[in-house]
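Next up: some structures, all given as structure tokens.
In the two assemblies presented below, subunit A is common to both, partnered first by subunit B and then by subunit C.
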Partner chain A sequence: MTPLERAEAKFGWKLVAPTILILGLLILYPLMYNVYLSFFDVQLNGYKTFVGFENYMKLLSNTDYYSAIGTTSLYLLGTVVGTTLLGLAMALLLKEPFKGRGLVNAAIMLPYVAPVISVVFGWQFLFDPISGVVNYLFVDVLGVWSERTNLIGNPDSALWVVVLFDIWKHAPIAYLLILSKLVSISGDQYEAAAIDGYGPVGRFFHVTLPELYFVLATVVLLRLIWNLNRFEDVYLLAPNVQTLPIFTYYQAFTGVIDQGLAAATSVIQLAVLSVFIWFYIKKIMKW
Partner chain B sequence: MAAITLKNIIKSYDKTQVVKGIDLAIEDGEFVVLVGPSGCGKSTTLRMIAGLEQPTSGDIIIGDRVVNDIEPQDRNIAMVFQNYALYPHKSVKENIVFALRRLKVDNEEIERRLSEISEMLQLEELLDRKPADLSGGQRQRVAMGRAIIREADVFLFDEPLSNLDSKLRSHMRTEIGKIHNKFGRTSVYVTHDQVEAMTLADKVVVLHDGYIAQSGTPMEIYLNPTNIFVAQFIGSPSMNIIEGTLFNDYLDIDGYHLPREQLSNVVYQASIPDSGLKVKVGIRPDFFNDKAFFSETEAAFNFTNLTIDLIEPMGFDKEILFNLAGGSVKARLDLRSEIKRGGEIDLLVDLSRVLIFDYQTEQRL
Partner chain C sequence: MIGKRTITGRIGFALAVLLLVSFSLLPFAQILSTSLKHQYDWGNPSLIPQTINLDAYKELLGLTEAKKVEIPAAIQKILNNPKLPQDKKDAIAAKYMSNDNLFPFGKYMLNSVIFSVGAATFSLVFSVMGAYSISRLRFKGQVVIQRSVLFVYMVGGVLLMVPLYQMAMNIGLASSLWGSAFCLFLIYIVQTLPVGMYMLGNYFRGIPFALEEAAMMDGCSRKEAIIKVVLPLSLPMLATVFIYCFIIGWNEYLFASVFLKQYPEFHTLPLALQELFVSKNAIWDRIMAASMLTLAPIVICFLFASRFMKGGKTDGGVKG
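So, the complex of A and B:
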């Protein structure tokens, strides 16, 4: 480094120091405190007893924990694949300008901007076993099912309702991200591919997909991070679906309250997520 | 290999007609250059041959098929785009062989053609690179390679050299000429550069405002333009247009009387009023010669005592400007002429090279 560069770097550190300090207080301190708590048996009155790795041992021998991991995996798979594919499909369909595209765009964005709590009640009403339209449609009109079922009441089917809800609510952001890249792909690449003998399908795989690679990878990454930590959508719509955040919440704040155990859960989750994101960014996004 | 025929091609966007009725026959193996100023419809015409645009009316025939409703991928054509349109995520090699992969050519054949083409275009060292790592000239060569390797029926070039600097441009122009000589494919080449048109073409088609202004061999177009637009568009520096009056015995330019019987390119038959016929006279700067170095022959006319307004030395040539019939006229002389600004000079003009055009319609008389 030249002296000038060194001075610049020093100045740069001075400029970002306040931000680092605030972020440190707001994020790093709770994070470290969480790691610290995970090694203690925490009483509600604040008394803490050091227990070493006991919380972790307890967690890893709990079958409910593994079932929560299984549920989370299914939830992630369903939501990430679903939102990405639906977003891609919508973006491809709505790429070319047409009359009224603004309105259609607004309609597509609506679920994303609507407050969770209001749309959750709407969805619960849709799936209501007695007066809900879903049961009416599938039982009375189409006759696919023989009897009315409480899809949200049963944890197995509730998982898929939650997945569906997430796809419906978050496909718009995938659509938006993909569309913004899609419209910037230069037309002459498609023309060159057409001249080279490739039809619409070939052009999609050889021009569109490679161009979308990074934006698709970004969508997948964002969806994974968001949904691994997603609490409110799942808990509000179907509290019986125990994904990891819900599981942690039940550990920490309901029944036999065990904050040490809950802390251990989130530490493991953070560690897994960090390793996963590091790998993903290095290998898939090639940063 | 295929001939191309365009029959009364019209192309409109909304209400604007861009191509206004083009009839053109391109023979098998012929190199045709479409040339004209921007907005003349040349690129649109090329894109219609490629199938990237649909003609509003008229027929396009490649070989023995009417291809109006055939998609570009099924026309067996190759094209070089102005900005090359390389696939940014594919290596140079994959860019070049992309079309062959579609055609399911076997790997051995692909490698054979690839090595032949990459040697010819000096791309051997670059095959593993991505387009972003190449210079403009290298990208241009990759685009050429991609087109050649197909061995397609028809080659289309859409201003392929316009993004290169002038030295590279003239080099690649020569290369394109060589490639055409080697493969002999039917080629259609669009450019606004009249030098490319002159040097490459078997046939030059000058387009103006959606119509064909003239088509013919480069020398026909150069020596016998049918209107002032073509006369001035082809040739550099462009043709001087001077006002004159045609009489039965002579052509009057600013008091100089050019004898009519020696104007062998003026074949005006209709009767001329006694007061004369106002015309525009076209003389290329190249057809003026310094009298000091040329003996006066029968067919030459001597413009005497011209005052030199400006001299532009170009190295071997020098261009001089002088005033004639109220307009500024340019002549190109060689380096031997010893002249200076404000001095006087006598210039000889070969009378058989003098053209006259109708004053109003600007068509040849």
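So, the complex of A and C:
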């Protein structure tokens, strides 16, 4: 190492030190501490007693936990498929420049940046059984349903409202990712496919989809990673839909508080999440 | 995909775009519409209010004059009883005079501003330093740090709420008002720092090194080269990162509810709005007006930042 290199390394460490300190203390350490807590019976006031694997045993024999896993799986399936398909459709639709595209882009990005707490009230009102437009549409105008129903009040139907909400909010991100790849596909490939006799549909399946394969995989993986931990969007819109994060929150802070059990839930969830993240870093980032 | 040359193709395209934009904007239109409607008008599916009602906004922004509250006759009789000591009289009167419906929106907004602007500022400073270090300087362990930041970036708050709460409890911070606020402030920095570092790191890599080199040849130290060359070149990105961090803080609910629920005077907007909604004196027009006012700063920031957001936002893992 030359003195110059050594000076550079020293400077590099100095600059990154505060970040390492903060992230280490408030993310990496808590993650490990969480594993430690999962072996204790933890009170809200910090009082702990060692219980070994009891929290895990309790968790694995809890039917609510399995139903939370089921709800989370449905939530992930619905949001991942919905967001990716809508994002793809949006990218295909808005690919070519047209007048007013900037405005359209701003409008469709708005759901993504808007505070969850504000927009959930708009959604709650839309689905309100008395005043909501959804019930008006399906009962009074189309006559599909025979009577007004409280879709958010019933956990089974609320799950699909929450899925639709997530698609509405996060399709713009999928759209941006897919669009940036879509515009980079060269026109030559489409011409070549046209000469080979493919129509618009054939060109989509033989040129566009194979080119988009990688970015679609990225979108799917990112949706899985973010939505596995999704809390606010679900809890604030429909607190009765118990996905894993909501289940954990209820265990940790409401009713019969059992923070040790919540810690055990988080440990298992982190293990699953780590697999997704590892996959993302290895396969997508190629580090 | 759709042939835009034919008339039907054009109409189909326009309809599809219209449908998409309506789907995106409908909930916003609903919030705006309900916030301006009188109560008798709520059940009306039309988005246009029959008459505009600004009372909800006036009330939230404190523009209505304090209403003179009528004290019931029976209570007035007690108050007129000369045997009752004056301080007891005052206490009873205060109970009836106080306006329970009051929702101190301005205070909550100020809390939100302090938390999110403060955290975004710290986060920006640290992420400039960290991002420059991992994207520009070579040293051992750099790759490990880079990967750890990405990993940490993707770990959600839900996995951290129990251990962070317990840590705060152990060192005694969670049981006091200022301690809780301090914890929340630190957590907001941590929640935004990896995003900032990630976005800025990608941006710094795109700035040609020759520019810094030239500055250093002219006798600048590395530090001066960063301040005089790299930062001015990155201004749009710095603004974007700041706004991005600000939005994350402004929208955060989970940790605010864990740490601040029992301290109403420190509630941030998301927490306050949720509390207002579950309390039984929730009134749709008030809720919607409050939602509108919570939205407004974000929409303004977004419109301002969207000009710069094209590059940075699509690079790899965008939060959310």
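In this text, the second predicted complex is superposed on the first by the 252 of 287 C-alpha atoms of A that agree within 3 Å, B and C clash if a C-alpha of one lies under 4 Å from a C-alpha of the other, contacts with A are read in each partner's own complex, and residues count from 1 in each chain.
Rule of thumb we're sticking to: a contact is a pair of C-beta atoms (placed from the backbone, for glycine too) under 8 Å apart; a residue touches a chain by one contact, two chains touch by 3 or more.
None of the values given here were measured: they were computed from a predicted structure.
When the two complexes are overlaid on subunit A, subunit B and subunit C sit side by side with no clash.
By the touch criterion defined above, A:Asp188 lies against subunit B but remains apart from subunit C after alignment on the C-alpha atoms of chain A.
Touched residues of subunit A, counted separately for subunit B and subunit C, are more numerous for C.
In the superposed model, A:Met90 makes contact with subunit C only, not with subunit B. Once the two complexes are laid over each other on the shared chain, residue contacts for A:Ser266 go to subunit C alone; subunit B is not touched.
Look at A:Pro115: by the touch rule set out above, it reaches subunit C but stays clear of subunit B. Using the contact criterion defined above for the overlaid structures, shared-chain residue A:Asp196 touches subunit B, although it does not reach subunit C. Our summary of the superposed model lists a minimum C-alpha distance of 12 Å between subunit B and subunit C. Within the complex, the subunit A residues that touch subunit C are 5, 8-9, 11-13, 15-16, 18-20, 22-23, 26-31, 33-34, 37, 42, 44-46, 90, 92-96, 98, 104-119, 121-123, 125-126, 130-131, 133, 136-137, 168-170, 172-173, 176-177, 180, 200, 204, 222, 225-226, 228-232, 235-236, 245, 248-249, 252-253, 259, 262-263, 266, 269-270, 273, 277, 280-281, 284-285, 287.
The residues of subunit B lying in touch with subunit A in their complex are 50-52, 71-74, 77-79, 81, 83, 85-90, 98-99, 102-103, 146, 150.
The touching residues of subunit A, when paired with subunit B in their complex, are 186, 188-189, 191-199, 202, 206-207, 210-211, 213.
Taken together, the subunit C residues at the contact with subunit A in this complex read 1-4, 13, 16-17, 20-21, 23-28, 30-31, 34, 42-43, 45, 126-127, 129-130, 132-134, 137-140, 142-143, 145-152, 154-167, 169-170, 186-187, 189-190, 193-194, 197, 222, 247, 250-254, 257-258, 269-270, 273-274, 277, 284, 287-288, 291-292, 294-295, 298-299, 302-303, 306, 313-314, 316-320.
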